[in-house]
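Take a look at these structures.
In what follows, chain A forms one complex with chain B and a second complex with chain C.
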Partner chain A sequence: MTTTPSPSADGDTVRRAGSSGIGAGRPGFLWAAPAAVFFGLFAIVPLIMVAVLSFASWDGLSDPEFAGLDNWKTLLDDPVMIKSLWLSVLLTVLGVAVQTPLSILLGVWAAGHQRNRAVLSAIYFVPMLLSVAAVSVLWRAVLDPNLGVPAQATWLFGDGNLFGTQATAIGVLVFVSTWQFTPLHTLIYQGAARAVPQVLYQAAQIDGAGTVRQFFHITLPQLRNAIITSMILMVVGGLTTFDTVLILTQGGPGSDTTISAYYMYQKAFKSFDYGAASTIALLLVLVSTVISLIVVRLSGYDRMRSTMEGL
Partner chain B sequence: MRKSRPNYFAGFGSLVWLLVVGLPLYVMLVATFQSRSDYAANGPLSLPEHFTLDNYVDDLNSGFAQYFLNTVIVTVCVVGIVVLLVPPLAYTIVRSRGRATTTIFRLFLLGLAIPSQAVIVPMFFVISEAGLYDNLIGVILPTAAFAMPVCALILTGVMRDITPDLYEAMTMDGASSRRVFFQLVLPLSRSGVSTIVVFSALQAWNGFLFPLVLTQSAETKVITLGLYDFQTEHGVNTPGLLAAVVLSMLPILIVYLFARRALVQGLMGVGGK
Partner chain C sequence: MKRRARSSRTPVVGGAVLALVLSLSGCGEDSDAAGDDTIHVLVYGDAANKVEKEIVATFNKTSEVKAVLDTIPGADYQAKLQTIINSKQAPDVFFNWGGGSIKPFVDADLLLPLDSFIAKDPDLKAKFLPSVFNSAVVDGTSYGIPMRGTQPVLLFNNGKVLEKAGVAPPKTWGDLLAAVKALKADGVTPIALGGGDRWPTLMWFEYLYDRIAGPELFQKALDGDREAWASPDSRKALSMIKELVDAGAFGTNYDSVKFTDQGSPTLLATGRAGFELMGSWAYSTHQDSHPEFAKSDLGYSAFPSVAGGKGEQANVVGNTNNFYSVVKKTKHPQAVAEFLKLMYSDRFVKAQLAIGNLPTTTNTEGFLDTAASPGFARFQYDMVKAAPAFQLSWDQAYPQSAAVTMYQSLQQFFNGSMDEDAFIKAMQALPTS
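== the complex of A and B ==
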């Protein structure tokens, strides 16, 4: 896939027609340089530093000391670390499992053309306009054990403290992310569902296939790209959840919702163990890169053809 | 849609979802128009007895106006940087043949997978070393950098759709890449540019981690951080807190009303093919 020729392969014509040497009309590398330098400086360089720091012991004050694999060994023996990884994965998997079917159904439904659908989908969209911080603050208030809804509806919520046990706290986190991010995924599916050729449905109707069969045999297979895209976003988003946990549960009760990203933040900015924090960070990057690569492979994203439109 | 019979199941499901989305929003709005004591006495689900705007006024007087301004500054600058740097980048990715460009594109693809938390530790030291700690510039730079990969992908997608014939016609006339960029590429990818404006604006407006770690004083506080602090400091003042949430959402709502098309289409394009 190196130097993929553009579809029309007009390069030769251009080169011959070009008067000013290196392919007139073909932008040189310099056009991309400012963006590349900027991005390199603020994303790639820190990333390299993270990798280096993960093999060092550093409190931020004295000079970093090379520590070999010490951080890695310590973390592998750290029960909270292992638990945090497991919690990150659990939250991500639960998030994908809840949001995917929900947003597919809503998206396919919203792809219709009736009037009330337009109004409803506009309302569905509102949570997206709130920042993660705002959403977390809102739900913290709504679910407050003393002043919130659970205190009023004890018949439903028992003692009303949803942040008191691990199961309910995780439930709250999954629910709140679902509440916030379903609109985004719904939109993705709505766009994809609109792009499904109508002919397929007409043909299916002639063959006497019902709504349900049409959904499973036409709509779902046609949504393949959308499902993949949306899942990458969910996985990366899930693994990197941070604000939600910081504001809603502070990792509690105990360390029962301390996910890796939050644990890393604690290690760095509460215990000032920057080496350990960098190791967790690197682990996060590795996991999310591997997952993205797998999904990219599966989807044929890297062929950079038509699937590239949009994201 | 394409079905002749109405789908009652789907209709019912969508109404349930409407409740799930709408109820908290209702609780939020209603709470902000009550006094603290009314809210505590009546609970979150009741109608307000004495309508008041005090919560909003108090918030704006207690620093939220400043936080607001800071967020606006950050957002405008981030959008500025993105709009200045990403279109030429996307243009090069789409049109250049060089190995260097391919490498750069791969680098940006990789950037999609880098969570901003992952680099927060070195970022903290880089920004401190540069003397930009507790300075809005220190927030703007990394925020813009992390908005770039998605924007680059969106824009390359759009620019790829410009038919090669058009490029060919222009280059046959001997147009320089600068002319091609300004007279052909930019005008034809206007929709893509507005999508990345909205995208980067959303990202900057919602930024949390960079401001949390890279700023400290009230003068540099952005609104998401203001919300977080408000909650930890005056956790019991729910109406005031929720009023702040509503305030934080207003500008985005306004942007949404004006740029709805760009935003929705940009997002919907993500899953298409």
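== the complex of A and C ==
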């Protein structure tokens, strides 16, 4: 190495460091630097600005004015705000509860070798390719009470007022995001199910375990890390859901589907109250962080236990 | 040693990125500084931009200072305008809805009062219908010149459906209730309503309040008199809305129907509903998507009168028009004044009429026969001209910070999940300044 002429000593050390880094398999901080810089500029700095704004009143026109705890007080007294947090959590919980079992079953099935499986899986993954906005517009049209499916299937939908009552509006939101996102989670489970060592199943077969037992005693425990990964994605995605609400219900009827992220949008871009919007944003960050931490803690994900123990 | 070599390099990478970001933003400023002898005209981006382009080109033919037309797609217009209006990228002239939509800008002292323009060229005021011109007057000062077309709200109908049920376009509230009964008996939804959008629901409130209490009551409420909402007239209007909803006039699933995705217009056009209360733009909506219906069966009439009400039968609600307002910081007020004069030119009027808009200048009348649909244009023009009062839509008259709560309360009162007292309380809590 010392015989190589180099334009600068600095460049030389980097080249050497880089090549030996690959060999060592554990990249250093430099690898993360570009991402870290952008993360700092576009995530940390704005987050700090939002935190500052949450203590100010600002309509976007004049200079922000320091307002102390006013935004926080107003929002914590605001029934719509409290309701929106509950709705966010409710939608997230419903999303996890519906999507997790569905995508585990589908994922494990898609990992197998049945006939036509590849074709069916390919068709099944189509919703994942569509944008959320397109999916929402599509379902809004399909569920139109007079021109869509409900007009034909009145025995199921009654008068078709799906967007007009809280329960059905929430049902539609859960259904549409399930339709859109189950394929993504199925993909995660498919990959994880394929990574389960076949020897486990062979051993179980010798011991006389049937398909159902194999699923509950081998597949499911082996999918633990995949379940946690997928659940964290669902929780974060659920708490920040916005586009489906914007297009499907606009927070209605009344404020019955006004989840926090949508309420934040209304405060910022309909009411031009950026202080209140920043407060909601910060609240959402706090709530999401706490919930993610709980999921990680409860699941033992932080201890990085391997599913390959005992092999 | 390896580790240190890496970390010593980090600030350099960071510095390079920062330099890149700075130089990029530097570029932006350069191009801005170049536009010294131009005025920027910012408009809502949609099909009507055709006319605005033409007017800008006409202006540029003779003017030293050149106009540049900028457009922002409709849905984002208001939010983006709010963001740039107090920045270096602020336009010189911009599109708005008058009233509450420009009030925050007036309060922040960002707009140029147009009095001196009007003093120099009285036609800037005199050539427009007063009821329209006045909706861009804030605290006694003019801040906007009408552009585009007026959009009164009319009661549209499907002639074939009405004929089959044996009803005529209603002249009075009683007629309307009778028509609702007859249409219901005939198996159609009496009135199509895009409740999912919420703003179509608002139109029923606006007209009923106007007919029962006259335009003064709403003006009082807007001026900050919270008792206006609790007045007997207000309660009467609310009870009549309730009466209509309870009579099944809108069916039961109106909250799941939208105007914006063609839901309610299709109900009317395909004969599944008898009426729809909608802004005049519904006419061109039908011409686009149901041309046969628009030609043969689409009827329209004014909102019915209410016996014993204080508001005149000829009063109109809706969007009076769109307006051009001028940003105070403009470097070329002279050029802007010249540009605004084009808004009452024959050329402008003809171009607007050709795309189905109805301009509100005093010379519009002479060109009505050149309109896309002369009969409809004349009906609207006569209606707006004869209107003693033209009530700007509530959501545009009130400051924007009121919009969310207003929409929520309207929808909840209409579908019965909020009672009269709760609705009055919610409206009283709206910010008015």
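The rule is simple: the second predicted complex is superposed on the first by the 256 of 311 C-alpha atoms of A that agree within 3 Å, B and C clash if a C-alpha of one lies under 4 Å from a C-alpha of the other, contacts with A are read in each partner's own complex, and residues count from 1 in each chain.
Note that in this section a residue touches a chain if its C-beta (ideal position, glycine included) is under 8 Å from a C-beta of that chain, and two chains touch if they have at least 3 such contacts.
The structure displayed is predicted, hence computed values, not measured ones.
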Worksheet item: Now for A:P34: first (chain B), second (chain C), both, or neither, which partner does it touch?
Response: both
Worksheet item: Is A:D144 touching the first partner chain B, the second partner chain C, both, or neither of them?
Response: both
Item to complete: Considering only the touch criterion stated at the top, classify A:I123 as touching first (chain B), second (chain C), both, or neither.
Response: first
Item to complete: Examine A:G160 and indicate which partner it touches, taking first as chain B and second as chain C; both and neither are also allowed.
Response: second
Fill in: Partner chain(s) touched by A:L184 [first = chain B, second = chain C, both, neither]
first
Discussion item. Touch test for A:K270: chain B only (first), chain C only (second), both, or neither?
Written reply: second
Worksheet item: Which holds for A:W86: it touches chain B only (first), chain C only (second), both, or neither?
Response: neither
Item to complete: Please tell me which partner, chain B or chain C, touches more residues of chain A.
Response: B
Practice prompt. Using the touch definition from the top, say if A:D243 reaches chain B (first), chain C (second), both or neither.
Written response: first
Worksheet item: Following superposition on chain A, which residues of chain A contact chain B and also contact chain C?
Response: 10, 13-14, 17, 20, 28-29, 34, 38, 41, 60, 137, 140-141, 144, 147, 269
Fill in: chain B contact footprint on chain A (complex, rising order)
2-3, 6-8, 10-11, 13-14, 17-20, 23-29, 31-32, 34-36, 38-47, 49-50, 53, 60, 102, 105-106, 109-113, 117, 120, 123-127, 129-134, 137-142, 144, 147-149, 151-152, 179, 182, 184, 187-192, 194-195, 198, 201-202, 211, 214, 223, 225-226, 229-230, 236, 239-240, 242-243, 246-247, 261, 264-265, 268-269, 274, 277-278, 281-282, 284-285, 288-289, 291-293, 296, 302, 306-311
Response to the item:
Listed in rising order, the residues of chain A that touch chain C in the complex are 10, 13-14, 16-17, 20-21, 28-30, 33-34, 37-38, 41, 59-62, 80, 137, 140-141, 143-147, 159-164, 249-255, 258, 266-267, 269-273
Worksheet, complete the sentence: Seen from chain B, its contact residues with chain A in the complex are 1-3, 5, 7, 10, 13-14, 17-18, 20-22, 24-25, 27-28, 31, 39-40, 43-45, 81, 84-86, 88-89, 91-93, 95-102, 104, 107-126, 141-142, 144-146, 148-150, 152-154, 156-158, 160-161, 164-165, 167-168, 170-172, 174-177, 180-181, 205-206, 208-209, 213, 224-225, 227-228, 230-231, 236, 238, 241-242, 244-245, 248-249, 252-253, 256, 264-273
Worksheet item: Once bound in the complex, which stretches of chain C touch chain A?
Response: 2-3, 5-10, 13-14, 17-18, 21, 78-79, 82-83, 85-86, 104-105, 108, 110, 189, 195-198, 251-258, 261, 263, 266-267, 272, 400-404, 408-409, 411-412, 415, 417-418
